[in-house]
Amino acid sequence: MSGNSWSRAEIAERLAQDIPDGAYMNLGIGLPTLVSNYLPSDREIILHTENGMLGMGPEASAGHIDPDLINAGKIPVTELPGASYFHHGDSFGMMRGGHLDVCVLGAFQVSQTGDLANWSTGAPDAIPAVGGAMDLAIGAKSVYVMMELASKSGVSKLVDVCTYPVTGIGCVTRLYTDRAIFDLGPAGATVIELVGDTTVDELRELTGLTLHTSNERL
Amino acid sequence: MSGNSWSRAEIAERLAQDIPDGAYMNLGIGLPTLVSNYLPSDREIILHTENGMLGMGPEASAGHIDPDLINAGKIPVTELPGASYFHHGDSFGMMRGGHLDVCVLGAFQVSQTGDLANWSTGAPDAIPAVGGAMDLAIGAKSVYVMMELASKSGVSKLVDVCTYPVTGIGCVTRLYTDRAIFDLGPAGATVIELVGDTTVDELRELTGLTLHTSNERL
Amino acid sequence: MISKISESAAAALADIADGSTIMIGGFGLAGQPVQLIDALLEQGASDLTVVSNNAGNGDTGLAALIGSKRVKKIICSFPRQVDSYIFDALYRAGEIELELVPQGNLAERIRAAGAGIGAFFTPTGFGTTLAEGKETRVINGRDYVLEHPIFADFALISAYRADRLGNLTYRKTSRNFGPIMASAAAVSVAQVDRIVPLGDLDPEAVVTPGIFVNRVVETGDRFEKEEWADVR
Amino acid sequence: MISKISESAAAALADIADGSTIMIGGFGLAGQPVQLIDALLEQGASDLTVVSNNAGNGDTGLAALIGSKRVKKIICSFPRQVDSYIFDALYRAGEIELELVPQGNLAERIRAAGAGIGAFFTPTGFGTTLAEGKETRVINGRDYVLEHPIFADFALISAYRADRLGNLTYRKTSRNFGPIMASAAAVSVAQVDRIVPLGDLDPEAVVTPGIFVNRVVETGDRFEKEEWADVR
């Protein structure tokens, strides 16, 4: 931690602490994959990759690459004891049916009621592509997003209403950022943990949102 | 054949001649299972049992009974090379999706347009039970029924409109009876083969139906 | 370390509450979770809704559970059998509710619950008394009936091998309802002949991934038992 | 005697007509039917609708087929990739139609076609631009979108082993779309590393029963090839 904000690795490390022993988890492509570096060694957490596998191990090392064994980001990975394979119909049924405990995603924007925007910037000339983003958004008992709270130009990515095209409605349950952790829900965002000297008032100013606080923890 | 009618075995034997090499077939419980005794030895026909198997072999002999290997009638059976197992969701999906070539069923009544009644007599005090009857009725590219044309009291079981509760609407494509073979469809029943000296007029009198004839074959 | 292994069938079912919906696997004796059903009988929960293909045979197992009047409703495809006299009597007396569902619709409704499908259009049953009152629709010229998922609080199933993560394999036609019921229940309990060390199951041949299984109970090899010899 | 074995990829695809809908398996290179795609390119059919997770990479395989302007429409979840420049250019020029489908809805729509489901309600995509104009419904307090099956004239898939009946096994994550696409096409063609004698495949471990497969082509072991060593 530097001052009152976390690095991406620190966000991932903090999020990892909240994954309970025995959890089934899917880590979205990109930033969320960092979480796998920080899973507590005394917990057994089973990774799902939506292209059809439970029990995914670490990225494959050079010389041990199996082209039939890749993750959803098309990176060669490994298989742990107790793994299993299944087809896309079953794999996405597993997600849609709410069997995963946690799914961790990145985002362009998250609304205070848990709407997620992470699949399209809405740019008119962009080639559209969605992949499993909308399935992942509704694909777990808990959907966590990790992101920096503000864009590089200082604009809050936790918003009242998403301006980017949404990926899912009311689907994000918790938001991990470099400045604070929030629970999201129909009543809006609740600050549940502050990073360093960050204050709720600073967050209110940055986000422009009311922001509830969790008295028990702040 | 005795005179102008076939025995049940003869109906089964005749029906078996119409199953092409390479066909995937489901034989309903009861009368239809007779068909398996008459499949031409120069054809390879693969039997499906809806409780979750393709490549079902003959009934198991005493001393070779495996309690985990039964057919839809709960009779112990055997496994042929090239068999496969699957769960009920997949097995009924296979049927519903129209992948079987032929399904052979028994019936209380069949209407001239192919409605099937074979699951309930509609008796008010009967314990209802349907099993896979309604799934089988719509569960193949061709649904064949085999039955005696008339009940023991001489009433035609090929009817204008079923009086028993129906199992499926317009689902039976061909009817094999002791007196004749019929194609069924939206335009009604067409006699395509007569048993012995049976005449179409006799069939018209028995059934009370118009009955088309197939000029090519009669 | 994850271990889904329960000490006994009784321990695995201890928290079934009155009023629960219980799926029970099996088609005939194949895949029937005999020890789990017996444990449920012992456990005492009442006011149950049971989802199972049949409604019990003779006077043991599911038939005994029904006979104890602890099942208020059964959702099944084929209750009537030559020896289903316990169910038959209660049904005729109006003491048990029956929801009769075509076997494939039963399977697909269970599968839909596990796969997060809100409802689906099926051709099976259209135009029959079992579809009376249900929404219908013509799609591409074919008639369909709208059916909804069936969820359960517990699924009791039987499999062949398990590991401590709850990965399951089955044997032959005993697979039947196990995989889909395991996916449709809040708590899935599997009895298995043997629990094997992690890594012994071929990942390509696992039929029910452990994510669908909460508890496994080892009940021993079944094939030395004399009683199987004359099963028909 | 049934034999679904085709002499060559070319023979297996000879009867694909102009205007056909073709499913192509694979997710990334895993499960991609490389030889079948090349044979389709050679075969010449045009005015095709392709159903595949991606829209081609680089300038070979599916990208080359698209580049030949013989694909009028693609139904996929993720056309945009770092090297999807052939699709990108045609799409921007309005020369190829795109139906973008969330990956799990794509899978379930294919599965529905194979399983005879007329339509189904899915929560995925509700409230997004990809569900615009589609029927929605609240079921048990949750929002769902109605989606319809996707059928194909041909499915081209890749598997690991086959027998002459068309029973298939897969390897690891190359299973992906193969089993569901095989079930959703009028004619399913599988390229496999090896065809084995009947009886060599474990009936418990067959993933795609032969009933879903019309033709198999043996294309040889892939793992001796140098090109795999640096696949990323």
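Order of writing sets the labels: A, B, C and D. Residues in every chain begin at 1.
In this text, a contact is a pair of C-beta atoms (placed from the backbone, for glycine too) under 8 Å apart; a residue touches a chain by one contact, two chains touch by 3 or more.
These numbers come from a predicted model, not from an experiment.
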Shared chain contacts [chain B and chain D, defined touch]:
C
Name the chain pair with more contacting C-beta pairs, choosing from A-C and B-C.
B-C
I'd like the Å distance between the centres of chain A and chain C, where a centre is the mean of that chain's Cα atoms.
35
Roughly how far is chain B from chain C, going centre to centre by Cα mean, in whole Å?
29
Whole-Å separation of chain centres (CA-atom averages), chain A against chain B:
54
Gap in Å, rounded to a whole number, between the CA centres of chain D and chain C
33
Name the residues of chain A that each touch 2 or more other chains.
79, 85-86, 93, 95-96, 138
Show the residues in chain D shared as contacts by 2 or more other chains, in ascending order.
108, 111, 115-117, 122-123, 170-172, 203-204, 207
Check the chains against each other and report every pair that touches.
A-C, A-D, B-C, B-D, C-D
Residue numbers on chain A that touch chain C, as the complex places them:
21-22, 24, 44, 46, 48, 54-55, 79, 81-86, 93-100, 138
Quick one: which bits of chain C touch chain D in the complex? Just the residue numbers, please.
108, 112, 115-123, 137, 139-140, 142, 144, 148, 169-172, 202-205, 207
Where on chain C does chain A make contact in their complex?
1-2, 111, 113-117, 163-165, 167, 183, 198-199, 201, 203-204, 206, 209-212
Mind listing the chain B positions that touch chain C in their complex?
49-53, 65-71, 74-76, 79, 85-89, 91-93, 95-96, 115, 120, 125-135, 137-139, 165-169
Residues of chain D touching chain A in the complex:
27-31, 77-81, 84, 87-88, 91-92, 98, 100-108, 110-111, 122-130, 143, 170-180, 207, 222-223, 228-232
